[in-house]
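In the two complexes that follow, chain A is the common piece, with chain B as its partner first and chain C second.
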Partner chain A sequence: MIQDLTHKKIVIGDNVSWVVNDNNIVIVCKKTKEQFIINYPEAAIWDLISRHSDLTMIIKKMRIITHKTGIKKVDKLTKKTIQFWQVKKLIKAI
Partner chain B sequence: MKNKNKVVEAGKKASQIFILPINKNWLIYAPLINVTAFVNNEAVSTIKDFILNGKKSKITDNSLSQLIQQLKETNKIIPGKIKGQLSPEIPCNIFSQEFKKSRQFCNFNIVTKSKKQMNYEALADAIDWYACNIKSLKKDALNVHFYANNLISFPEIFEVALHRIKYMASIENLRTNFEISIGSQIEEKWLDFIGDYFKKVFLSIDIKDLNQIISSDKSLTKTLESAKALANSNAQLFLKIRNTEANEMKQIASWMCENINPDAICFEYNTQHSVSKNSKLSKSDEFSKNFLESRKIIESYGIKTLYSEDIKEYPVLTCCPDGQDTLIVYPYGCFYGYHLISKSGIKKASNLNIGQTKKINKNEIINLGKEAIINFRCETCFCRWSCAGGCYVEDEHPVFSNNYNNHCIQTRIISACSLLTNLELGSEIDMLMAYEHSLNALKMQHSDLLENFETR
Partner chain C sequence: MSNLSITTLCNKRCAYCFAGDTRHEDRLPIFMSEEIYAKALDYLSLSGIKQVRLLGGEPTLHPSIIPMMDKAIKKKFSILLFSNGLIKKEILNYIEKIAVGDLTILLNTIHPLENNEKLAKQQRLTMQTLSSKVKLGINIFNRRQEYGYLLDYIDKYNLMREVRLGISHPLLEQKNEYLHPKFYSYIGRNIISFLAEAKKRQIKLGFDCGFVPCMFPVETYNLLGDMMKNTGKRCNPILDLLTDGTFISCYPLNNLKKIKITENTTSKNLIKEFKAELSIYSNYGIYNYCTECAFFKEKFCTGGCTAMKIRRLRKKQPR
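Let's turn to the complex of A and B:
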């Protein structure tokens, strides 16, 4: 079940570790041994989450990071990415 | 403008072989062909005869003969003025906010009325312009230096800017290099961010904090805790020690190496720094002496010591980013050439503001490169291709005075000692620093050029 994250702080899930590379972030779920390579702009979302941002703030910042991409498109990308990570238990709400 | 051209031509005509009195001998230094040698009085006269007076007889001393051959090398590396399109080799600088304090970083001196965070739109525009410019010049990396006077007040601007740059780099297939200058303590969550994304961190530490710790054995201040954490991160940590009392430098150096273990330590020369009350030494002698002794201590820990005006591997036209391919992006999104806002009046900011990011004046950008000035007074100084006049804004340009200023003197001493260190002549340094007349001969020599050498 996917939690509504609108007014909550999002944090990195338990048993999840990641490495920041020059062009991407590699996330590893220690429990499932699954590995995810996250490129930009999604890599920026991961970094913002790692410092406990809430969804509203993440969306606000992603609009600047992806400047001129179009607000609707960016918001959709951000929400979809977060949802996917939530399903994969890479992140959680607190 | 006429003066500048004159200086360039004169520079080309001069031999660019410098000769420095070191105790009873001489240090020959030709930076444009990368030759340094330690010779006696007789050898200097022979060198002068052969190089400048065209003498051609045979020299029996093989090593001297080889040295003369090396000094005759005509293939000199003369760093030239920047021409054509702006092509940033050194970082584009982004300031998160205006500064109230002067000399916070890199002797920067801006007086502002209010703190103001950079506007996100202006920031994104500036980054886009920089990325497109780099791409059109077929360069492969975006090099950005962030100035964060206070990372606690405005941290978000950095994460947004950094990710915007990384996003643009991914679109344009460019690499990224980030550096950051910080002047305060850093919250824990930002320490990880800095460690993960920044290659170099320049952390300024006010020495007054450190004195308390050394003398009272109290726990680390927040800034020093940050320094310790950064030293253990992936980023390289460069500590910039401010407001140093010269006579405390060695103690500070040892303490920093033992307790923080950074990658490098830089003692910032502060024109206001005081000399210990009982010292008979001048300000610049005291700074140099203690800097050199501190350098020994620091290097014994395998840590680098930095002095921006020190001898460099390659000759440079200026060690000040002013006049080089560096841009600063101000909080309002204005681009300026480095150091071009100054109350000292050396530069007139009015014609050097190259525009708001949305309407950049390309001609002004091209003109920026032409601003590198060859310092007229430095022409006969052996530091002219390394210090090259120092900071254009803060240091009193020697063109305004007939004598070496404090900054010149300490740079001459430190640079000469660096050359001697490279030649493994540590004993000469000890002697030089111990005898006042030897030191005076070095620091006050009016012209270091070989053509002005007179047998003593």
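Let's turn to the complex of A and C:
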């Protein structure tokens, strides 16, 4: 089930760890034995989540980080990415 | 390849010891039982492995080490004994009588800097007595270590003309001294000097697991020759059988997965299971730049030791 994450704090899921590489972030879920390779700009979203940002803050910062892309496009990318990670239980709202 | 850890006892305390996790707090029986050892030999036969690799702790401290070696030789196995060379006279005499070719001792030497003359003397006696059955090995855990003395030992005691170089890797749950990857290129250059000297004396070098190609300067790849072939690919399940009859992928990863030995266990099946377990760590390496490295992209290197990779993982921070 996808929770409404607006105004909620998003945190990294249980059993999830990650490694920051020069060109990507690799996420490892020990429970499901899955791994995900996240390239930029999605990797920036992960970085913000790992720093305890909420959705509003993430969207705000992503607009700045990817300033060359249209705002609507950035917002859509951010929400879609977060939704996907939520389904995969890599993150959760608290 | 599989190692049988027949005892958790050891008469030496090496700071880098990779078996520390299993030796701690009586987690395992001190000695492997006869029953499990018999099962282990059957497993080796079933897997088509012709060498019994005995390690510990110090395997010669097992009270039944002589009958165990006897049994292996009778079953036409050759023996590789991983030892610190601090071997009782009675066992030393037994090993001396074993035919060359039936047994090799991989002896991890006491570094002159350890400054323990009593132990060093005992180790020298082992080298003197067993000479051509002894292959020297060293675990590199400190960038200040020197290796030149190994070549002198080989000449002095007429040992096998080969040295096995190993890198000390971190344990996941306990502290041990290990070589941090930031020192790898420094060590790589030291090894090149050592190799040049070894070649002059017609002594071969061999790498254990965890070495990566980028630790050596590109211009030295020719000198390294065949040693470079699998240098970046040596992080595979070694298959260590513990004293309680459970297999682990290797000592540093002993807490990840354990598989009990049964009469149908084969190395092929074990490797498959352990590889599946470790596959989630296959998309990155020990350095943050591994994923951009041509060696890694072209699968010439798997990114180094998995235990080291796991240490790089970040976890959820408390809020």
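Methods note: the second predicted complex is superposed on the first by the 94 of 94 C-alpha atoms of A that agree within 3 Å, B and C clash if a C-alpha of one lies under 4 Å from a C-alpha of the other, contacts with A are read in each partner's own complex, and residues count from 1 in each chain.
What we mean here is this: a contact is a pair of C-beta atoms (placed from the backbone, for glycine too) under 8 Å apart; a residue touches a chain by one contact, two chains touch by 3 or more.
If you're wondering where the values come from, they're calculated on a predicted model, not measured in any experiment.
Aligning the shared chain A places chain B and chain C next to each other free of steric conflict. For chain A, the partner with contacts to more residues, out of chain B and chain C, is C.
Residue contacts after overlaying the shared chain place A:Q83 against neither chain B nor chain C.
Once the two complexes are laid on top of each other via chain A, the angle at chain A between chain B and chain C, using C-alpha centres, comes to 70°, given in steps of 10.
Contacts of A:K30 after superposition on the shared chain: chain C is touched, whereas chain B is not.
Once chain A of one complex is fitted onto chain A of the other, the partner contacts of A:I64 are limited to chain B, with no touch recorded for chain C.
Judged by the touch definition given at the top, the superposed model places A:V20 against both chain B and chain C. In the superposition on chain A, contact is made by A:P41 with chain B only, not with chain C. Contacts of A:H52 after superposition: both chain B and chain C are touched. Closest C-alpha contact of chain B with chain C, superposed model: 7 Å. Once both structures are placed on chain A, chain A residues 20, 22-23, 50, 52 are touched by chain B and, in the other complex, by chain C.
The residues of chain A lying in touch with chain C in their complex are 9, 11-14, 16-24, 26, 28-30, 33-35, 37, 50, 52.
Of all the residues in chain A, the ones that touch chain B in their complex are 20, 22-23, 39-41, 43-44, 47-48, 50-52, 61, 64-68.
If you check the complex, the residues on chain B that touch chain A are 120-121, 123-125, 128, 156, 159-160, 163-164, 166-167, 169-170, 175-176, 189-190, 192-193, 196-197. If you check the complex, the residues on chain C that touch chain A are 276-277, 279-284, 288-292, 309, 312-317, 319.
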